[in-house]
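Below is the structure I would like to discuss, written out as structure tokens.
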């Protein structure tokens, strides 16, 4: 019962916060609501026994990405921004399509068939700790994708510099 | 015990809200944030799948998604900056160079 | 049946004729574009050399046979049974000569008038020459089609790059018009290919018999390609635009050679491959020809643009050609071939002349002219020769061709003969009116003080004058080339008793 | 010997080539020597040919094959028989005299060499025409003379009226040639040949044949004859294609004399005479010829009555006299027609050259109302012109008298169904001819001078090179007829009708069905008619000079119609030229080309373009729209999977 209540709180808050994020006129407010949203998602992860994921959710998303967003938002002209409508003209179409898509996705949930259960039972992860279990897997079986991810980050770093840098001349 | 479906409905709802944001917002930064929202929705479902199937692969995938999201955010925001410098606007409805 | 003769000359002359301009064009690539004089001299040398080489065809052609001569045959794409197969008979040999001669004159006339992208211009011209020769020599259907389409590209560029103010419209129109027709021809070629047991060999295809329905369909497919090129009424409207906008050399080649290919196509393919359909459809073709003659002529009366007038007169004159061809008798067909040659010479010369004066005045509006005869007497007297050749005055080539055609046409259908003979009245009307407005009357401001033609310009027109009188006074030099080939062709068309026809022909094609 | 005949046309051709190539730079003022030498050479050979023919030779040979295509073969070849020889003599003689005359007349003209080269080219073409041994070569010469006529009428090309007139002459002739050409086609299809000899010898076999022509069954020989006659009508300026000849007077006067009086315009008569074996087989065709001739001669003569332009009056007189010749041919009297052609060449050329002499003196003035009393200043011109006028009016024992009398007698007695009718018209025309000829004489040479003082001051007799040809032609105008003295008179003085006997082998000689008394009556009657015409002119223009004005006022409507040549030019302009150009502009260019063909040709791509520009509107360039559509696509895919 407590679990349901707990999930209910998180689910409700996450949805409300998501709505606030996409509807606020002022981008700074959106970012702030998003910050709160990310913390709640991290909480949900904890609830699902994924403490390492919860940790990087907070560190990377809330700590790094959102701050980056905030920086960029502050570069924009906020005064003009908040005096304008936040939605494009065709927003009802977007709403309609999204709604229908939601209905159709939800309607297939009933036909979900569970696959085979893996070896990482809650108890097994707990005994080893989540971080270690993930780390083992990451550095053995998923070593190659991991290296590629590092390369992607490198490319992103270089790309961001190249794109954001002003042209030397002109 | 919370059924898996509840998580999946939550995930779907967040995803759809993110999608709605992407489809309707003018400001390109908010659109970008909507994309992040959608990624998070996916993450929720992945983590919950992982939990209920007692498998680690969902977590691994989430790990990579977050990595890619970080990279994407960096590049995307850099593009927005460059765009803003050239166009003096962050509103997508004012960018229609591709109009046929 | 043996249909070819061994090459009387010891060397592959046709391949040389096709390659020589291409080699020249490639050579031009290596000359600096600033060195215009060298570019022009090389182009001239190449084209003159090609022309001199083609004279060998004239002197070594065996006039006593209808067989293909100077034949070359090599495997090209064995998988599809395509061959590199070249040869000439009495119908095609003269056009190769015309093409090489006209190219020389085009190079000469472009000497001063092409001011930009000179190098590319002459490369286009030489590539065009090679493609034109290829069209007339090909004995393999696919090779023919290749040259036929290849010719479009340099012409398209000539009009589109070096043309007048409205050049892009004209070039695209020209290209699309001809392409639409050619595509239908390609379908026809493929149908023939499969029907005849996977062969592109024109000579082999000619010996086969095709069911009538198939012939009919193919006839109209080929018609689409050839009629556009001729151009016959009602698909003629690209011609005035193309001629008006094209640079002088482009107009000359267009008038002298390119539009002959349509009529040549009828002679080489439609008639011998599809004899029954040609015979049945001849009345329709005669009617279209008569319409073209009268229609083109009357429209000329209302033209205000020099080049447009001559372009429409081409429609009228080519109407005579198709009339002769589809009269399906000796006089008509021989007259038609001769008239193709004549039209190439006369209309080519008229466009050369217009180019000469356009270079001086930069106007094509007839009303801007007047009294040119007073300031440019030599030019005026050359022009009147062309005018009267165009009208068909005896002793000029136009008369011989038109007379034979009308005689043949009259033989085939009295109405066609009588109605198209009225074309000679209209012809006199618009040409003399044109001449009067441009050359006679008081000297207009625009032409006052113009310098008479230079030696180079005289050299471009003189060959035409000589040919006009040569063909006019002693046409047998040229007619004698055609006799056996035309005879053979007409036997095939009017032969009647075709070999037995396969029953399931249509299903075979469609399979 | 045979080959030397080729020299007759070739010498002028050579002169033409030399003059046109070298004239501008080299010969200049000496251009006439080449041409005159050439035509004199031709004349000599022609006279030799005359003696050959007189001694019974008939020359017919091919020089080379011109065209050969299937069964169609035609050569350049020469046929010299009695008819040809007469024409040769007329052409070379007139041409030579007019060449000489031109030396004086054209002196100082900037296009001197050009003029003489055209004259040579004309002589060449005309000789090719008369010497042809087949229809196609005839056609060659036929068009060739038309070309020269075009050049020479438009000689002063900077004048719009001159270039208009040249163009008009050529195009109007083309209308006639259209029929002529089709005639040749039918001859070839009938006889398989276009040579005179086989055609004429086989014509009899087809006397009753008929042919389906354009859906009508017609008598073959009538059809051929009438089609050939179309050509004659054009070239000889008969109704309804006469309109070009009066305008042709824009050319220099020697040209009018040579081409538009003595030689070229008579080619039509020559053609009819040459084809007499065909014409004779068709009564209908002959009737048409006779009536066309008669009506034209009357029609032209009435116009001639009121014109004031010196050369145009003579031009209408030419049209009228040509009508006379056709009238003769039409009643079967080809010899009479050719005889009149021969005499007419002399006196009409003379009239024109005298007119040229007058123009020369008057400084280009052509209006006879502004002349008068010129006999005082130009005695030679006056006398020669007077004699020519007497000759054309049929004054007894002058050239015109014999030929005209022969025609009228043959018309009256020849047995043609329309003979009496055309005789009556002929006689009336004789009266009118005499009247306007002398009206011209009296207004020009008598009375008082009505021009400006300046002009009067300049009046002078023309130079020798002009007057000598006048005098020579004058001898012809007097004596040319003496070779054809009718038996009625000839028997009294012991001479034969030489020309009729000479021509008999070619043209035959129909006998008149009448008594000597009738013949004498006709002769005297027509002479009296001619004299009364002269008398009336004398009365109106010498005794009562105010009378013509009063009459013109009295019958102003008639006068206006006559003065405006029955409005034929305006009529043609209205029914042929304007509609054609209107159709060209408004129907063919405006509707068929622009609205129908171009509409389809441009319509297809335009439709594609319109469709794609509609399609283009989907591409708004807004990212959200694309994304929404993408989402819709996903939705559709999901829905499809769900609902399957």
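Just so it is clear, A, B, C and D label the chains in written order, and each chain counts residues from 1 on its own.
Heads up, the rule we're going with is that a contact is a pair of C-beta atoms (placed from the backbone, for glycine too) under 8 Å apart; a residue touches a chain by one contact, two chains touch by 3 or more.
What you are looking at is a predicted structure, and each value in this text was computed from that prediction instead of being measured.
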In this assembly, which chains make contact with chain A and also with chain B?
D
How far is the middle of chain A from the middle of chain C, if each middle is the mean of its Cα atoms, in Å?
73
Centroid of chain A to centroid of chain D, CA atoms only: how many Å?
105
Mean-CA-position distance for chain D and chain C (Å)
38
Roughly how far is chain B from chain C, centre to centre by C-alpha average, rounded to an integer in Å?
67
Any chance you could list the residues of chain A touching two or more other chains?
88, 90, 93-94, 97-98, 101, 105
Among the residues of chain C, pick out those that touch two or more other chains and give their numbers.
none
Chain B touches at least 2 other chains through residues 19, 23-24, 92-93
Touching pairs among all chains present in the structure:
A-B, A-D, B-D, C-D
Sites on chain D touched by chain C in the complex
20, 24, 64-72, 136, 139-140, 143-144, 147, 150, 154, 157-160, 162-164, 166-167, 170-171, 174-175, 177-178, 181-182, 185-186, 188-189, 213-214, 580-581, 583-585, 588-589, 592-593, 596-598, 601, 605
Flag every residue of chain A that touches chain D in the complex, lowest number first.
88, 90, 93-94, 97-98, 100-101, 104-105, 107-108
Write out the stretch or stretches of chain B touching chain D in their complex.
19, 22-24, 31, 92-93, 95-100
Spell out the residues on chain D that touch chain A in their complex, using ranges where they run on.
622, 624-625, 628, 631-632, 634-635, 638-639, 642
Contacting residues of chain A [partner chain B, same complex]:
3-4, 7, 11, 14-15, 18-19, 21-23, 27, 30-31, 34, 37-38, 41, 44-45, 48-50, 52-53, 56-57, 60-61, 64-65, 68-69, 72-73, 75-76, 81, 84-91, 93-95, 97-99, 101-102, 105-106, 109, 112, 114-122, 124-125, 130, 133-134, 137-138, 142, 145, 149, 152-153, 155-157, 159-164, 166
